[in-house]
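Report on the following structure.
As written, the chain order gives the labels A, B, C, D, E and F, with residue 1 at the start of each chain.
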Amino acid sequence: MRYAILLLDAPYTSQAAHSALRFTRALLAGGHVVDGVFFYHDGVHNAARLAAPPQDEPHLVDAWAELGREHAVPLQVCIAAALRRGLLDEKEAARHGKQGFSVEPPFELTGLGQLVDLGLRCDRLITFGP
Amino acid sequence: MRYAILLLDAPYTSQAAHSALRFTRALLAGGHVVDGVFFYHDGVHNAARLAAPPQDEPHLVDAWAELGREHAVPLQVCIAAALRRGLLDEKEAARHGKQGFSVEPPFELTGLGQLVDLGLRCDRLITFGP
Amino acid sequence: MLLHTLNRSPRSPVLDQVLAAMGPEDRLLLIEDAVIGALPAHQGRFESVTGRVYALHEDLASRGLLALCDEAVRVVDIAGFVALTEECERTVSWY
Amino acid sequence: MLLHTLNRSPRSPVLDQVLAAMGPEDRLLLIEDAVIGALPAHQGRFESVTGRVYALHEDLASRGLLALCDEAVRVVDIAGFVALTEECERTVSWY
Amino acid sequence: MQDETPPADLLVILRHAPHGSSWLKEGLDVALVAAAFDRRVTLLFMGEGITALLEGQQAGPLGQKGTAATLAMLEMYDIDSLLVEERGMDELGLTSEQLMLPVRRVADAEIPGLLADHALVLNF
Amino acid sequence: MQDETPPADLLVILRHAPHGSSWLKEGLDVALVAAAFDRRVTLLFMGEGITALLEGQQAGPLGQKGTAATLAMLEMYDIDSLLVEERGMDELGLTSEQLMLPVRRVADAEIPGLLADHALVLNF
């Protein structure tokens, strides 16, 4: 089946990101297609390229990026939720006159319309909240 | 009296940061001394220098920085909580091999011992949670 | 005498925790989402601390709750919040 | 038939919301903090949906709750979670 | 009304009060975007989410906009299916006359059917 | 015991379960730092926070460490005043024998005095 994942909380703050990552890996292992992982609300912090968790804890940002690259799963970050939380890619940083950026590929900033589209296009949308 | 503030949630996600900012301003207006604002848990996101909220919403990061500068209030960010959440100053970014940084003065990364010290040294510690 | 602040709705189990922790003189200040607790329908939840419940004016006003606030709840503004923290020896926040 | 997931403790008012929203065939999967609801002491809260309550094995195990889990609760691992989402037409998450 | 027209595409459940968190705003944003893309949207207000509909809301003391202005725009987006959980109304002690928009009260028993009838259900 | 020694400096209230959020870990971190600075610390486990003390906890499936190892170190930090809310124990249906560390059960009526007796109270 075609699945989409909606993730609504940051790593380390709650377990939501850990659950979502494991579930997504299990989908792929089970032969399903994952059309996208959409990061909304505090879920946008999963794209924080500067995250430096302790070495003995799982690195969620890197794990999502690896999953996205290896399985060609789009990692879509709500741009409105991201900007107010300090998550900008190079383009948005330039547009807002900020030096430096905090989001990089394979994460992509995108609009909320993508979430609606994913939800209606896929067979299943599974949400992980805080 | 001498006050300390402990802030535990990010701006925009909950109202905690707004309440803490208003309360701190009211303390200063009332002639109290604020020995420090300590940012812990998701409160560390108040130091996100890349935050770009909509023009018609209050800019909490800038508001804290202005309060810190104008009233010489230390803005202390728990370093352990910050690193795992992608909030690094220039020094920590270099130490972790990251290009770019997400925290700048007047916010300062510091240890949790500062929170205990503030709490026991001041007459009052007021916490704002999510 | 301690001040307790609460920012969760009266349906939250956190309200049970703060009520258990309040001494006979302690005061309770409702802020943020907790000001919904100032509605008359919720006053039964605050029976054990009646007369010692405060609510933040600005948070009632922004939510359209100012006119609906029960008369047993004392309304204070942010300066009143500061005054409560001065009068009470310590403030414990419940969230 | 829908699958509902819950990640909050059984003392949370969110449990009332999910119970109100469950149809007669719907299933409930407890994950994260919600697996505390698998304790025998909490089974009264799940009376209306007995036999349709699942709990995630990994979350029970990490919390030391595996051996304490009520026998009315069906334990599934992450692959079982995936299977539930396949069988149910839609999944609604409560948090 | 609801019963005579085909079910909408998207059910957005709003369970959080205004001002206290961004959940309500972010849930409404999804509804508005879906409506702008010509999707039919139903809103269900549960629990404290019902207070989003109270008359007389204002900006917050730092100028936070809140969500009342967004709710007032729903009609422009052709979002006119506003449901409120009857039990939540009773627990808050509120009546429909105290709300800023016309709503339909739904009993607990109707809620499972609502969830089953929408192609997509998002919970905020 | 508790009653015969002078009150500790810091009361840390732990109300959250392990693994589900970082609250428990971050609350314990404050307690450990305070103890390392020679402050006397009392821990009060309330509600689901009590499950932090359950025997047999493991790492999470992604290798998340959890907090059981930290709790096992408390004695090294001279944090030996571990209190659990009696009502919370009853609601969970747990007995002291199921916990990994010796604790003192406190009745609701004792909790206000605990808060009043500590110079600093932090709630997690």
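In this text, contacts are C-beta pairs under 8 Å (C-beta built on N, C-alpha and C of every residue); 3 or more make two chains touch, one makes a residue touch a chain.
What you see is a predicted model, and the numbers here were worked out from it, not measured in a lab.
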Touching chain E and chain F alike are A, B, C, D
Count the C-beta contact pairs for A-D and for A-F, then tell me which is higher. A-D
Do chain A and chain B face each other with the same patch, meaning over half of the contact numbers show up on both, or with different patches? same
Hey, how far is the Cα centre of chain B from the one of chain E, in Å? 34
How many Å are there between the centre of chain A and the centre of chain E, using C-alpha atoms for each centre? 26
Would you mind listing the residues of chain E that make contact with two or more other chains? 19-22, 47, 60-61, 64, 120, 123
Expected list for chain C, residues touching two or more other chains, is 7, 9, 11, 13, 32-33, 58-59, 78, 90, 92-95
Return the residues of chain B touching two or more other chains; collapse runs of consecutive numbers into ranges. 12-15, 22, 41, 57, 125, 127, 129-130
Pairs of chains found to touch, sorted by chain label: A-B, A-D, A-E, A-F, B-C, B-E, B-F, C-D, C-E, C-F, D-E, D-F
Touching chain A in the complex: which residues of chain F? 19-22, 60-65
Quick check on the complex: what are the chain A residues that touch chain E? 6, 40-41, 80-81, 111-113, 115-117, 119-120, 125, 127, 129
Would you tell me which residues of chain C are touching chain B in their complex? 5, 7, 31-33, 58-59, 78-79, 81-82, 85-86, 90-95
Per the contact definition, I'd like the list of chain C residues that touch chain E in the complex. 7, 9, 11, 32-33, 36, 39-42, 58-59, 61-68, 78
Tell me, which parts of chain A touch chain D in their complex? 1, 3, 8, 14-16, 19, 22-23, 26-27, 29-30, 32, 124-130
